[in-house]
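If you scroll down you'll find the structure; I have some questions about it.
Residue numbering begins at 1 within each chain, and the chains themselves are lettered A, B, C and D in the order written.
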Amino acid sequence: MAGKIRVRASLNGDKCEVKALMRHPMETGMRKDAQGNQIPAHFIKEVVAKVGDRVVMQAHWGAAVSQNPFLGFEFTGAKAGDVVVISYVDNKGETDDGSATVK
Amino acid sequence: MKTLIKILLTPLLAVSLLAGCETQEAAVAVETTAPATAKDMLMASMKPKNQATMDRLNQDELQAACSNANNMAGDAAAMEALRKAAEASVVYPADGNYLGDWKNGNDIAANGKGLQWNDDPSDPNGGNCYACHQLDPKEVAYGTLGPSLTNYGMRGQSELMLKYTWAKIYNPHVYNVCSHMPRFGTQNILTEQQMKDIMALLLDPNSPVNQ
Amino acid sequence: MMFQSRRSILKMGGALIALAALPLRALANFVRNDAAFTATSMDTTFAALGAEPVDSADIVVGSPDIAENGAVVPVEISTTIPGATRIMIMVEKNPNPLSAEFFIPEGTVASVSTRVKVSQTCQIFGVVEANGKFYKASKETKVTLGGCGG
Amino acid sequence: MTTLHNKRAHLGIAALCAMLLAPITVAQDDDVFAEYRAMMGDENPAIFTIEEGQELWETPMGPKNVSLEQCDLGLGPGVVEGALAQLPRYFEDAKAVQDVEARLLYCMETLQGRDVIELLDKPYSSIGEQGTELEALVAFVADRSMDAVVNLPQGHPAEQAMYKKGEEIFYYRAGPHDFSCATCHSQTDKRIRLQALPNLTTNEGAGFAFTTWPGYRISEGLLRTMGWRMQSCGRQQRLPQFQSGSEAVIALETFMGVNAKGAVMAAPGLKR
């Protein structure tokens, strides 16, 4: 079963449009909870999108990317049936990944 | 009607009431009490939290009279009596000084905190004027439940105007017996100094409201 | 807790080995610049990046004129500058302006979209690196006080 | 995988339609957010909560180790499709009018034999959390009720009584600020700051509000339920705290839902 990343990849002419939604709190470390305790920083630091061995997107993020982050981009050279895999690693070392078949 | 009573309390709620230190008779009583009033139902459905205690569900005469679709109850004489009572509740500044600092006033007008169960009671309450009124025309986030107060200061600073505006903030029911607006003075939501600062925001020619 | 059960939590020691198994770290030359991510002003961020960006009309910063909520502001940066390999999003008045950077490999369109936190009304910058040079453009987004104010 | 993708597309399109076709008349000033909402697109993180809810619905739990799949949400045991469009309603087994939150807890208690006190104690997420069991289940039921026409039953005297009581509570002014629900929700085309306020006494306004909760609350990054919405309104009325699935909440939901008759479910939508 896939993890907490939802990926959509659809062909639009010669381009493949990728949209990904990740389930992640993206805590800045500057907020306090109801009891007034500091909520520790918890955010995705790096995201990679690949088709096979080909890297089609790589990103570094700070805690200012919004909660449950969205990533959208386009690349060329994809064909229907290719699988786009997106994975992340956060500042606690937690990772997750998700994939979609290009349509 | 008599068959409805027990229906109004779900078994779950009965369970939670039991958990909340009610005796077992409470669950039985649920089956036999008369149909709940709105207040009874609210009392059974809410829990006190921090400063928001259950006595806040008690209505005063004015609240009770204004709790219906027409926002008015009782005959003209009864409503006039309520209006008079509102008038009598207004305390004007002892020093005769109505105008504070409009800069503070603007902060108070923008602050929506105070008296909620998630608010720190040691912080000053806000007036939250912008929730319902347009004031500084440069502020885009204003509500429309009340009239726009932009350029309110055009009305001048006559004794009449000062007293009218003060009373309107202190207890708006003086002018409209079932006004939707809070009674900032009568209900001790704002301090006298805070209301003076709001007055300045409205009436000071240098306030952004009047630019 | 239940919702995190599927997440693999990597122990510090095993992190590198585990990462090797994942598609991450694919581009060794695209290294995170922590000094840039923790810099507290636009100027110090540019200094950390070693960048002296010039204004460019070939970068489009797409963000709403007015955001319903500063916690989530949609931002899209695209550029037609030839050879663009990196796109950065910087929010002028955030505690740390650099929010995200995207490496654009060969064959990927120089256009990315995401959503960022914007602490107060300010300029949102799109910064592009192409052939070792930096370019920038910006757009203002107003952040409003939402809801009932409480 | 395929069905989830379809479901997601479905959710997205419905959310988009809800935004475009929202029956609430928006004053021209409110158009300031049109661009913002269009840019948010159809990517609604509620999808995660819906999936979690489906998993919770199908997983055997509790002392009896059964799933909730035989839970009767009003349209028969196991029927989830469209259920939210007909809640709150009277349930013979519970001898009570229940909303979706109360009913789900009732099923956990009776079908699964679970102790629901803890769930009742903390039904809604705090900021920074990732969703409660109840929120996930409500999201799942809402998703399966997408496009259903609102039609709360009013045949049983208890259902009629709930409507009446809901109307009374709607106008009940109390607390230091003298607020009732009606203070903000009985006029058309008004807003509080920049947020449009639905007039819950009209079919149009009640329809908009009833069909768009639960919703993914952008500002909090959380799926919020109607029960939470009521609790949050009550907080800003400066009143004590509404309890999930309590009578007053069910009465208010009944008042709104009956007023919303004929509107089309579009939850979970995207909220501020």
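Just so we're on the same page, a contact is a pair of C-beta atoms (placed from the backbone, for glycine too) under 8 Å apart; a residue touches a chain by one contact, two chains touch by 3 or more.
Keep in mind that this is a model prediction, so the values were computed, not measured.
Interface comparison, B-C versus C-D: the higher number of contacting C-beta pairs is recorded for C-D. Centre-to-centre separation between chain B and chain C, using Cα means, comes to 44 Å.
The centroid of the Cα atoms in chain C and the matching centroid in chain D are 35 Å apart.
Here the CA centre of chain B is 27 Å from the CA centre of chain D.
Chain A and chain C have centres, each the mean of its CA atoms, that are 13 Å apart.
Taken residue by residue, chain B touches two or more other chains at 116, 118, 130-131, 140-141, whereas all remaining positions touch fewer. For chain C, residues that reach two or more other chains under the stated contact definition are 3, 66, 71-72, 74, 76, 115, 144-146, 148-150. Residues of chain A in contact with two or more other chains: 4, 23, 34, 66-67, 70. Pairs of chains that satisfy the touch definition comprise A-C, A-D, B-C, B-D, C-D. Chain contact summary for the complex, chain A toward chain C: residues 1, 3-4, 15, 23, 28, 30, 45-46, 48, 50, 54-67, 69-77, 85, 87-89, 92-97.
For chain D in complex with chain C, the touching residues are 32-33, 35-37, 39-41, 52, 130-131, 133, 184, 192-195, 218-221, 235-236, 272. In the complex of the two chains, the chain C residues touching chain A come out as 3, 6-12, 15, 18-19, 22-27, 30, 32-33, 37, 71-74, 76, 91, 94-96, 98-105, 107-109, 111-117. On the chain D side of its complex with chain A, the touching residues are 1, 5, 8, 43, 45, 47-48, 126-128, 130, 221. Taken in their complex, chain B has these residues touching chain C: 110-113, 116, 119, 126, 128, 130-131, 140-141.
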